[in-house]
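Structures are listed in the sections that come next.
In the two complexes that follow, chain A is the common piece, with chain B as its partner first and chain C second.
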Partner chain A sequence: MGTVYITQDDAFIGKTDERLQVKAQKKTLLDVPMLKVEGVVVLGRATISPAALTELLERKIPLSFLTGTGRYLGRLEPPLTKNIFVRSAQWQAAGDSDKAIHVVRSFIRGKLKNYRSMFLRAQRENAALNLQAAITRLEQAIAPINATDTIDSLRGLEGAGSAAYFGGFDALIRADGFRFESRRRRPPTDPVNALLSFGYALLLHDIQSAVNIVGFDPYLGYLHTQRYGRPSLALDLMEEFRPLVVDAVVLATLNRRSLTLSDFTTEALSQAVSLSDEGRRTFLRLYEQKKQSKFKHPVLGTQCTYQEAFEIQARLLAKYLMGETQQYPPLVLK
Partner chain B sequence: MHMVVAYDIPEDKRRTKIHKILKSYGQWMQFSLFECNLTETQYTKLRNRLSKLIKPEQDSVRFYFLCACCHNKVERIGGEGVRDETIFFA
Partner chain C sequence: MNDYIPIAALNQYDYCPHRCWRMFCAGEFLDNQYTLEGTHLHERVHTVGDGYREEVWQVRAVWLKSERYGLIGKADLIEAHDGCWYPVEYKRSAKGEFDNDALQVCAQALCLEEMTGQPITQGFVYYAQSHQRQAIALNDELRQAAIATLAAVKTLLETGQMPPAIYSPRCRGCSLRQQCLPQAAPKVDRYQETH
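Let's look at the complex of A and B:
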């Protein structure tokens, strides 16, 4: 099962028999069985035939639209599942309830612990790096999580932890010419930030699918407040996966020199940096490989891929909110 | 389940139809030979669609199942490579 990425501008997505076809300028670019497709991501512009649209909906294959640079625009998706109990549990926990505080704690703990283990690993592999200050600051943010009782103060801890992490992120990049000063978004103004933003947009697509499959309302989150059109729950659940999936791929891409500075272009006026077509394909391939890579899930004790882990974590969250388990364990990898 | 589907159909029109259906389920490896990796349900669907179409007195379609262990032992010299199904680009 794989994701279809359509990077060709003005492509036409159609359907013949039970296959998905992508054409551009009267040439067939892709012809794959629907059975093998589990998601379609359009980067840039594309038209889609009504028949293909219906077929995608019926097969419950989500279709996401991103701009060429990876900014998330929106998605088309089959209806929420009929499992109303999950959604009602989700709504009951909204606001400042004990359950909300517990899951927010877990999201932040997951994220910060993964940040910390990334730094620890880098430190182990390269003794010349001096990350001790950042690690200490991360630990200072992790320690009070369990004793903090309001969501706002938890958000403060998350901010402090993230600041420490992004402050030390530059040291993890070993490729010449690439620098990371601080996290900049909308638009990203350097290659590293551009890659991070692109990766997070892709991850959001995947997590949102998982959240939907399990039956949540993606717009009601706990850590992220409600805002029109913002998939807050997906963003919440994304936190623990950011370092594990996206940051890891970005660092691997740069440090293995899979992308060079010539793969990026800068827009004159806004200083926005984006990837070239070829670079985008390289990055998409690496991202997909990461998603399909296996590891041992610390809670279930079985082998699973990151792709499966998105859904597993969403299910664990559902179980906790419905009162079937005592706690929500975030995915923390050593 | 991994399977090799081979067919022998004398009439061109019907052969094309069979070919088109099979393309939706697996990968075309050689003339009148497909390799498919399907679940139980998908296989049943495919079988149903094919059996409705063919004329049993003239045509034949064969499904050879490969166990997981044998599947890795397929050797290839030349010809079509196996499609990478983790990611598709267009």
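Let's look at the complex of A and C:
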């Protein structure tokens, strides 16, 4: 089952026996055993019964609140594990320590290598595409990572690599009417950016859950430093997953015509673009499918889903910070 | 940290020191398993009726404590026949390949000896799945093993220092495997990322 998304405005989330029920306008929208629920994400407005709330907390099921357009509002978090050792190792590595530099390199290398793989694959599948310039720029950003010793310079490489990637991203979209010029957030003003932002918000919910389960303090990051109220560590760990999960789903959704322009609306004043209710449900379904899809974990050599990989990577990060391993290997897929 | 060693930790330590660390130092276990209220021996020992069965006195869910060994824990069942006490440990499973239940019974007996002032010569493990009841002789060898494990656990709880996770056949039956990823460390160390 995985994550339950509640998109219907004014839905009522309740609990009967051991089941989570979602109702709206006197109709039951969802009725699933609590056992199968790994997370709940409310998009928009919903009411939740005290009994359901208590049950979610007791079962350590996180509940996130996003606006209808996917902007992150906050979440109800089950208590952190008592694993003080993980948090203490995390804090000891804070700042410009060798460990911090190592993991920042890994996060960035992971993300940029996955960017490069996407471009290489697209190019293999479509000989007419010429992404070579962007690939070269990505490689120029990847090559010096391991020899770069300050987090600020590493951030620079990350910026250069991302610019190269988003500069070529438009070429990956093969659906008429959809264009990507540059990354625009807060608010996204075109459908592609709207989907990316929405997807990243969903991913953040998932990675934050993984980071919490392992016992980390989500607010202490290495690449993303402590800024007021930002779940920095989750943002760090998210880097390698952005292309693998969100960008891949966005491209598949568009290129397979699962969404069309009519699924998006533009707000008059802010130019903010958002998805229709139906479009949102479609995208959520595809995102969830992606998370449950399996692949072979390159380090462990075993099959896992992306959902499981979020936690595996968080645990590998904990192992590195606690000195159990010599490196933190980001998830890099071909 | 309280000064008493939970009896259950001995059993876990014997199974895998890393598991014991995860459960009792890092707190990765379900609280309710160990915080359930038990009965104190003196509260129930004299209640006749509900526990009386064929000349055997039975008291369930008894808190045990030993000042001498700094142990605390709960026995599933304490029985008395002919004025002798016996701890009985319930296991939901059939008898496992790994014989660490004896240690737990022995630690319970150490407490019980101190609490009753009487020597205890044997205990039992009851395997619910196979309905088997196995007698455990509380001989010197077992007592020494329990005391040695107790010392190791004490050090572990005091220092909080993590014993390494070492992959072994026991991992297959370990409920913490998903958290522990016992095979990850050597694999990570050998891993070569593609260019």
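Keep in mind that, in the parts below, the second predicted complex is superposed on the first by the 333 of 334 C-alpha atoms of A that agree within 3 Å, B and C clash if a C-alpha of one lies under 4 Å from a C-alpha of the other, contacts with A are read in each partner's own complex, and residues count from 1 in each chain.
The rule we apply is simple: a residue touches a chain if its C-beta (ideal position, glycine included) is under 8 Å from a C-beta of that chain, and two chains touch if they have at least 3 such contacts.
For clarity, every value in this text was computed on a predicted model and none was experimentally measured.
With the C-alpha superposition on chain A as described, chain C and chain B fit side by side in the combined arrangement.
When the shared chain is aligned, no partner comes close enough to touch A:Glu55: not chain B, not chain C. Chain centres taken from Cα atoms put the angle at chain A, between chain B and chain C, at 50 degrees to the nearest 10. Once chain A of one complex is fitted onto chain A of the other, the partner contacts of A:Pro33 are limited to chain B, with no touch recorded for chain C. Of the two partner chains, chain C is the only one touched by A:Asn83; chain B is not.
Applying the stated contact rule after C-alpha superposition, one finds that A:Pro329 touches chain C and leaves chain B untouched. Once chain A of one complex is fitted onto chain A of the other, the partner contacts of A:Asp277 are absent, as it touches neither chain B nor chain C. Of the two partner chains, chain B is the only one that A:Gln292 touches; chain C does not reach it. For the overlaid pair of complexes, the smallest distance between C-alpha atoms of chain B and those of chain C rounds to 10 Å. Put simply, chain A uses no single residue to touch chain B in one complex and chain C in the other. Partner chain A is touched in their complex by these residues of chain B: 20-21, 23-26, 38, 42, 83-90. By the touch rule above, chain C contacts chain A in their complex via residues 25-28, 160, 162, 164-165, 179, 181, 183-185, 187-189, 191, 193-194. Put simply, chain A touches chain B in their complex at residues 1-8, 11, 16-19, 22, 24, 29-37, 281, 284-285, 288-289, 292. Residues 81-86, 109, 113, 215, 298-301, 312, 315-316, 319-320, 322, 324-327, 329-330, 332, 334 of chain A are the ones touching chain C in the complex.
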